[in-house]
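Right, one structure below, let's go through it.
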Amino acid sequence: MGQAIGHTRWAIAEGYIPSESTGPEPAMTSHETACLLNTGDTDAHVELTLYFANREPVGPYRVTVPARRTLHLRFNDLEDPAPVPRDTDYASVLVSDVPLVVQHTRLDSRQAENALLSTVAFPVPS
Amino acid sequence: MGQAIGHTRWAIAEGYIPSESTGPEPAMTSHETACLLNTGDTDAHVELTLYFANREPVGPYRVTVPARRTLHLRFNDLEDPAPVPRDTDYASVLVSDVPLVVQHTRLDSRQAENALLSTVAFPVPS
Amino acid sequence: MGQAIGHTRWAIAEGYIPSESTGPEPAMTSHETACLLNTGDTDAHVELTLYFANREPVGPYRVTVPARRTLHLRFNDLEDPAPVPRDTDYASVLVSDVPLVVQHTRLDSRQAENALLSTVAFPVPS
Amino acid sequence: MGQAIGHTRWAIAEGYIPSESTGPEPAMTSHETACLLNTGDTDAHVELTLYFANREPVGPYRVTVPARRTLHLRFNDLEDPAPVPRDTDYASVLVSDVPLVVQHTRLDSRQAENALLSTVAFPVPS
């Protein structure tokens, strides 16, 4: 414990938040999550940039993952500098000042039953 | 922003577009997607080749991912040199003139509720 | 086309074939698949070994992926030297005489609606 | 057979065990699994540490994966030093004394139909 593991840059090429959901909120609200794990003894300051199909990138969004903590960040909750548009394809790049591990998960509850996807994000070699 | 990240060759060994769907089109049409992210300042020219179980490969299909953009490419929409056959196992290789990040996602809506899968594609070491 | 890509050894730590299915066979039968892609000009001879929780490994199972072809191998169909037991945790290792790309997919139709999972297998560094 | 493959440290940034399930137990109980594969001839002694959003890490949990065996470990079953809290975001790091391959799977049966996710865990370069 206390040893930092992972990479400082990660990319998630898939991103899409449906505007519709089925089931009790907020657990069953359709959402897109980046799970960030900081195993080190130093807080991680992370900057996210969002990429779109038809306009310039938006960012940076800023979040902190405290030392020895995990943050399961819902893209739905990002507000500054702008909320993430619904029903819109996007992608993201995360840059941290200390190494992290990043996994990407989506809960899709547009139809009556939920669907899940998950994959470790793409670690950018440094 | 503006720095190219990723690889120039990617492989997706899984591919299958069901002929049947349930739910409103086009969002809920069963589809297979390659999410391409180009973080660099140069447009990416990408060539896709499709591999099958019982015949020679088909391609190249050509798409462009503009600089600082993401393209969520539906295999369903590929037409030239030939549409992708439904209910048929296939695989794909993507070659780009600049580095990209590629993630593979399938929405399967054959039955009443949709299912999702996703994984970062296999980056071919250069 | 014609250039071999990938690795010659791959591991899939997850494996489980439910004994129950819902929906039309064979497309909707619960199944576990290893998608193998051989982009090279030489046929790939692949040996699979299955690992279990409580007994010695079983194998090798032998399959061929022809040059420039993909094989989406259903573990359900393996018969020699022994069928894959249902409702049993297993794992697998694939060894090929030429490089391949391997992706693992499961369709689970135990309940009325199907669920999917997929991930690129673990490439063993050579 | 008998050759150890994989890595000795793995991270899984995503973790969440829903408190609710639908369907027959235990197969359809919502669960989070780490599939561990030990292909070598030496038993693997594994220590897991769990990370949370708002408190210090908990661990180590200790499990053994015998030589030439796979263990599909349900986080639901971990009891010592403390059970894994439900409806709580967590992440995990696994450290083994011999190389393993690790894949992460979740079955989510909160709603009537189950959902699955899976991804190879993040192998920490040694």
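Every chain is named by a letter (A, B, C and D) in the order it is written, and numbering of its residues begins at 1.
Here is the rule we go by: a contact is a pair of C-beta atoms (placed from the backbone, for glycine too) under 8 Å apart; a residue touches a chain by one contact, two chains touch by 3 or more.
A quick note: this is a predicted structure, and the numbers were derived from the prediction, not measured.
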Distance-maximising chain from chain A - centres being C-alpha averages: C
Same-residue or different-residue interface between chain C and chain D, half as cut-off: different
Rotation angle superposing chain B onto its copy chain C by C-alpha atoms, nearest 5 degrees: 90
Intercentroid distance (Cα basis), chain D paired with chain A, Å: 21
Chain B-chain D separation of Cα centroids, rounded to whole Å: 30
Set of chain A residues in contact with two or more other chains: 112-113, 115-120
Partner chain B, residues of chain A touching it in the complex: 9, 11-16, 18, 49, 51-54, 56-57, 59, 87, 89-91, 93, 104, 106, 108, 110-113, 115-122, 124
Touch list for chain B against partner chain A, complex: 1, 5-6, 23, 27-28, 33, 35-37, 39, 68-72, 101-103, 105, 109, 112-120, 123
